[in-house]
């Protein structure tokens, strides 16, 4: 496959903080429609990688390309989103003083320019879509409540909902099931699986059961670089991965 | 009460009377002449006083110097009851400690309203200074001699030159010797011997004094008829070189002085900002009453001075802890009654503390009136440290620079080294979690705010030495202090230090060029531009946590 | 003897009633696991115990002391360690300073961070001088647990301690909890969603549903029915 | 309508930056009213003060002025200190045809039908001071140091023109302005020191305003510039300002005023006693603007008595020509240009914060609204008696810029 | 349907009330002033008209501040800079209108230039003799300044107190600059002694009434414009920026543009407010730029109720009315009252006066 066909292509990324290398010459790529799981010890650099892709952190060296010919490193956060990258943060961040509904409305795909948002109205289809997502994330009953009144797990869901509204080509999902009950985890995996195919999805998670339930290709990061790659079984059997990550 | 003490004094007064009677008999004719001339001072006009002083010095009496110095320093009085003239130890005290002008021995004391001061005016003081200088040449104190020589070199007549020559022969102090030789060289320039003049120019070229430079520059002038004032071309050449060299040195020293001005302005800025760096920078309270807390400190200085008029010298040292306590307690009071309900709502603190600032202003206006209060600069803080003829540093500024550094180091130490410092930082970052870790957040909050407020009070003590002590004192500094804190990076003490200092120095470097107003505007614009480059100040908080805001 | 007793606690966020007459008894030396779906009030209950949320009515007693009357900071001094949900690290303090915070109230006046913390979480030793806020999510979680342990508490409260932590360390945390419980008699109250972990670590359980206690008992009684009834959506 | 009392407006800032100066004047007016009431009031009616606080805020001055005139319907207003506050209320007084007594020395260049200027015009303060320095002290080099606002600008313009006319070389004049409230004088004082070290006798003419004075004098003291070396003559530093700072380092510095507390006349002594009793503080000083207020008040009482009414329009017409003794033994007379006659005194600061009068004008000087030394105003004249105009151009014979009807 | 999803906003009862009050003023003020005889107690004097006009101008300024602070979290401590620029723009027009009626009778130069010996009008005074140009400038001058300043600051991601303080530095620098007599804006005295506007005598009651009605109308229009903005989706984006700026960015919104737009808009409102203020008050001088004034505006907003547009206006009116009343009734101690008011409002009315009214009416 040529590089052009990749959805996301990271090459030789290095990020250091005060001399500490959070990413160390990291290279990886994501195919269109692929669901990629990234695992790795705490501090391996998973979140940092997402920061680089979304423009939050600028790497010291390396390249990051998205779709056909978007150089992520030269784009602003807003441009990256406009190009089709969506993200769920590790620490759930929703707009605390907007209602659940408004949180979703803002995430709604479509115009982002100042003058257009001034005139934007919610079309019936969009309204339906929001209601649908509200159902999916189990917050229909709380649609008019403020973001700040949600419990931790509910915020997680709202973030996922916002991601759905955005309908990006590439979804970066950082620890989606932290703090969820087994059943919710199950629902999340169904959700993510249904998204894959049309979207590229990158999931970071520490819950191995969850990862196993969705994983096709798995990449293991350690100390800022890839140490193993392959399907779940292969990775789980890798002695290095067992040593630094899985344990016995 | 009063009658008792009067009664107690009677025997003393009698004794004194007896003593003075005996002394009258012991007077020599010289004493008598002296006393009668002295007596004329009582009624004379200012211009007459000058000639009386001249006659006094001609009596050659041994007390002349002391009496004239006293006149110069407003310490010469006469007693209303018997018109007798006395020197007093310190002016404006009550009662006055008297010194007999003849014997120069203590002569008891007298209530101030029973004595009348013998006044002076500008021109009289000018004459007196010259006269006293002649006498001071023999003083045991080298500094006094130095001043005397300097004073004398401003008007060099034959008599003065002779006196200086005589002194040079016996003078041991090298500084004084140098000053005398400069004075003599200056007088030589008027002479006819061109070799001697050349020699004098050489001597003078080492000096950096403006007077010397002006005198040398005169050699280069042309008289109205087109000829040079100085006939000898060689002397002219030497003089031109000397003038140039003096100018160069003077420019150099004045640059150093400007730098010092900058640092001293900077330390004032730092001092007014440190307290805010705590209340605002660390605790996040937009403390609009910060200025008023400084004002309280300044008023405390005033009150302390009023309470101990006899010890002005140490009053400032007493005022520092007192101001810390007063402002600190006010801070604790504010925190306990208002601020504590507003954590997590920083903008509300702006509103409430603004209200407090109005209350405090009006409070001092009610107590102390709207008028400024006079805070005295103690002797040890006034005057300047003269490094050479071109460079002097004023003591009060010097002390303030040092003081600022001391306060700053103390605060840094508290924050970095003490338990309280750690607790303060923890509470300011996450109050709920700090509680869960067993920190008594309420106490820490009160202490922190009190500390910031107390430091503001201490800054007020320093300000009382520089500017008006009035109800508006705080208003004039509040904006500056916020700028310093923000420029340095909120929450970073070192930032406030470097920020304040660099703002001060920039301001002062620019001021001679473009004037005070434009310099200030420039500093403000520079601040705005700087923030564009570093949106979180000089020393921004770093790392992930800082970004997630 | 019970170490912690929660008695008919009611709690409100403004107008919304979050906890309804909740009872909870944590016997000394036990490992109680509080369970429930998202938003059911687990965190709220823990915050009430810590004094970070005021209770409307009801009683909370710890070791015979009435906690409701105690200021929040007093409770830590009584020997309750708290690992909150979301870590709540002091982000601008270094790792070392984060750990030192707890030293201030230790009765024995210890001046140094117990070495034990570092043997439990070696990564903290490596990062002593890094700002807490810069750590990765999992590292912060370890720091949060370490920070609570510095207090040498008799009751350790953990709110979803394994969230975001790599599997081998999750396992280790389980071990640590068990070990501290066994060797030092530490009583543990934790919130946990992951059933395998809960079953492995806890000795009792209690389920909250919509702010009410709906089930409780020894961990063995946490049957699939209970799970289906109260823990699935 | 017959009112039970005659209302008198007092328009002085009691808060804000100007409170320091203006509060005293408010008290002075209250004292005068009190005394007048004890004498039976005016026209058989008691006087009643209406005090408002314009809070050193210039637009608020205008608002409060119209409150006094339109709502409270006062007969006369005593008020204002800064020029800008006066400028701000001027249209209000002219529109409502009120009467304002303005008690502070100012830059001139104004004469309103509705204002009586009882403070000094530049020719009653600045020019005599410069004359004194030039003739009596032999000053050859001049630093005109001021705060950057209209009064110093105008005064310095006048003084510069005056000095040049007296043959002073431009190189021997240095003019400099600093902002309001300037508190760091290190650089300026060093520059003055340098300017003064050229070997010619140098003096500073200070039009530094308000709060900036204290740090200025402190810095002079610290840099060891004494009055014998470089005397400073100030136009806005009086007894009250000195009471707010340690006067010892200032001994010998000069000030030019039309009144000093230390001038020994029976009237002054009585006034000082009255003040001490009223303010219940024997240490409070009196000062020049207080005297101006005193004079203004007495002029008003006389005019009202003469006119037999408090109607401002009538009182204004009656005022020119009215005379009242001032506190230093002379007479203040209202001139047709609405300024008054004043003696000029120059004093040296003494250690106790009082002044030692070293020079005094021969008799009173008539206040000149339009300076003879400014090209723009040379030809302008104010005369409310015959010309009925505050700025009559003697060349074009036009009266412009009047708002009264 | 449209209002359904914003239950947090209190419907628009308050807004309707507010607009009704404005309408009432517009109708009643002229009648009470013009038709009711001066002797009647119901007569509204020119003083009263001017006062109402002033309050409403301040209200408009507060509205501008509330738009950016209450809704977008941008705390500007320098908004009076824009207010004053608008005021100076109209002031320059008014000065030019004086013409030969100045004290020196110079047909071109304003008085202050004549006595400071200016020979000709500085270039930036050109055009101000035309009313439309002045009208344009009172929008352009503050707008342009806000655009340049905002563009740089927001692009550099200057936020929070840093932004607040540099706005303060901006207004402080402008104040110092305008204080300079060499600037050509009349220095400390600024502009006064205006004669007429568009040929109408500024001192006549009728002109004042017309000015008041103009103010009322402009305030109503700007209020409606602001309300439209905050109720649109853009308004919710502003809210989002206030809550979590970087999160908004990761939703793809060009946060900087939003901020620049709203900041400029707010500055223009402030400028217009200033331009309406000056002819009614009769003076504009650099004191208006004083940083402390800007802080006071923020305080009006807080007192009224931040994040409710009419609340900000109410706050401005209440605080200023209190000032007018107290400086007259209790000149010696009024600062105590105002200071205490601020403290008490913060402690007991965290959502301002409007918050109090809202909870009252809800009950």
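To keep things simple, chains are lettered A, B, C, D and E as they appear, and every chain counts its residues starting from 1.
We adopt the following convention: a residue touches a chain if its C-beta (ideal position, glycine included) is under 8 Å from a C-beta of that chain, and two chains touch if they have at least 3 such contacts.
Please read all numbers here as calculations on a predicted model, not as lab measurements.
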Task: Winner on C-beta contact pairs when B-D is weighed against B-E - done: B-D
- [ ] Taking the mean of all protein CA atoms as the centre, name the chain whose own CA mean is closest to it.
- [x] E
Task: Centroid spacing, where centroids are CA-atom means, of subunit A and subunit C in whole angstrom - done: 29
TODO: Take the average of all CA coordinates in subunit D, do the same for subunit E, and state the distance between these two points in whole angstrom.
DONE: 35
TODO: Mind checking the centre-to-centre distance between subunit C and subunit E? Centres are C-alpha means, answer in whole Å.
DONE: 53
Task: Distance from subunit E to subunit A - Cα centre to Cα centre, in angstrom - done: 45
Task: Per-residue multi-chain contacts in subunit D, two or more chains - done: 14-15, 148, 177, 179
- [ ] At least two other chains touched by the same residue of subunit A: list those residues.
- [x] 17, 56, 91
Task: subunit B residues counted as touching two or more neighbouring chains - done: 361-362, 365, 475, 517, 520, 543, 547-548
- [ ] Mind listing the subunit C positions that touch subunit A in their complex?
- [x] 13, 16, 37-40, 43, 85-86, 123, 130, 134-139, 141-142, 160, 163-172, 193-195, 227, 231-233
Open item on the list: Which stretch or stretches of subunit A touch subunit E in the complex?
Closed with: 54, 56, 76-78, 81-82, 87, 89, 93-99, 101-102, 105-107, 112-114, 117-122, 143-144, 146-147, 162, 166
Open item on the list: Considering only the defined contacts, which subunit E positions touch subunit A in the complex?
Closed with: 2, 5-8, 228-229, 232-234, 236-237, 239-240, 242-244, 246-255, 257-258, 261
TODO: Spell out the part of subunit B that touches subunit D in their complex, as residue ranges.
DONE: 46, 74, 91-92, 119, 121-123, 125-126, 129, 210-211, 214-215, 218, 254, 257-258, 261, 264-265, 268, 361-362, 365, 369-377, 382-384, 392, 394-397, 465-472, 475-476, 507-508, 511-512, 515-517, 520
Open item on the list: For the complex, give me every residue of subunit E touching subunit B.
Closed with: 75, 149, 152-153, 156-162, 165-166, 168-170, 172-173, 176-177, 179-180, 245-246, 291-292, 295, 298-299, 302-303, 306, 333, 335-336, 338-343, 345-347, 350
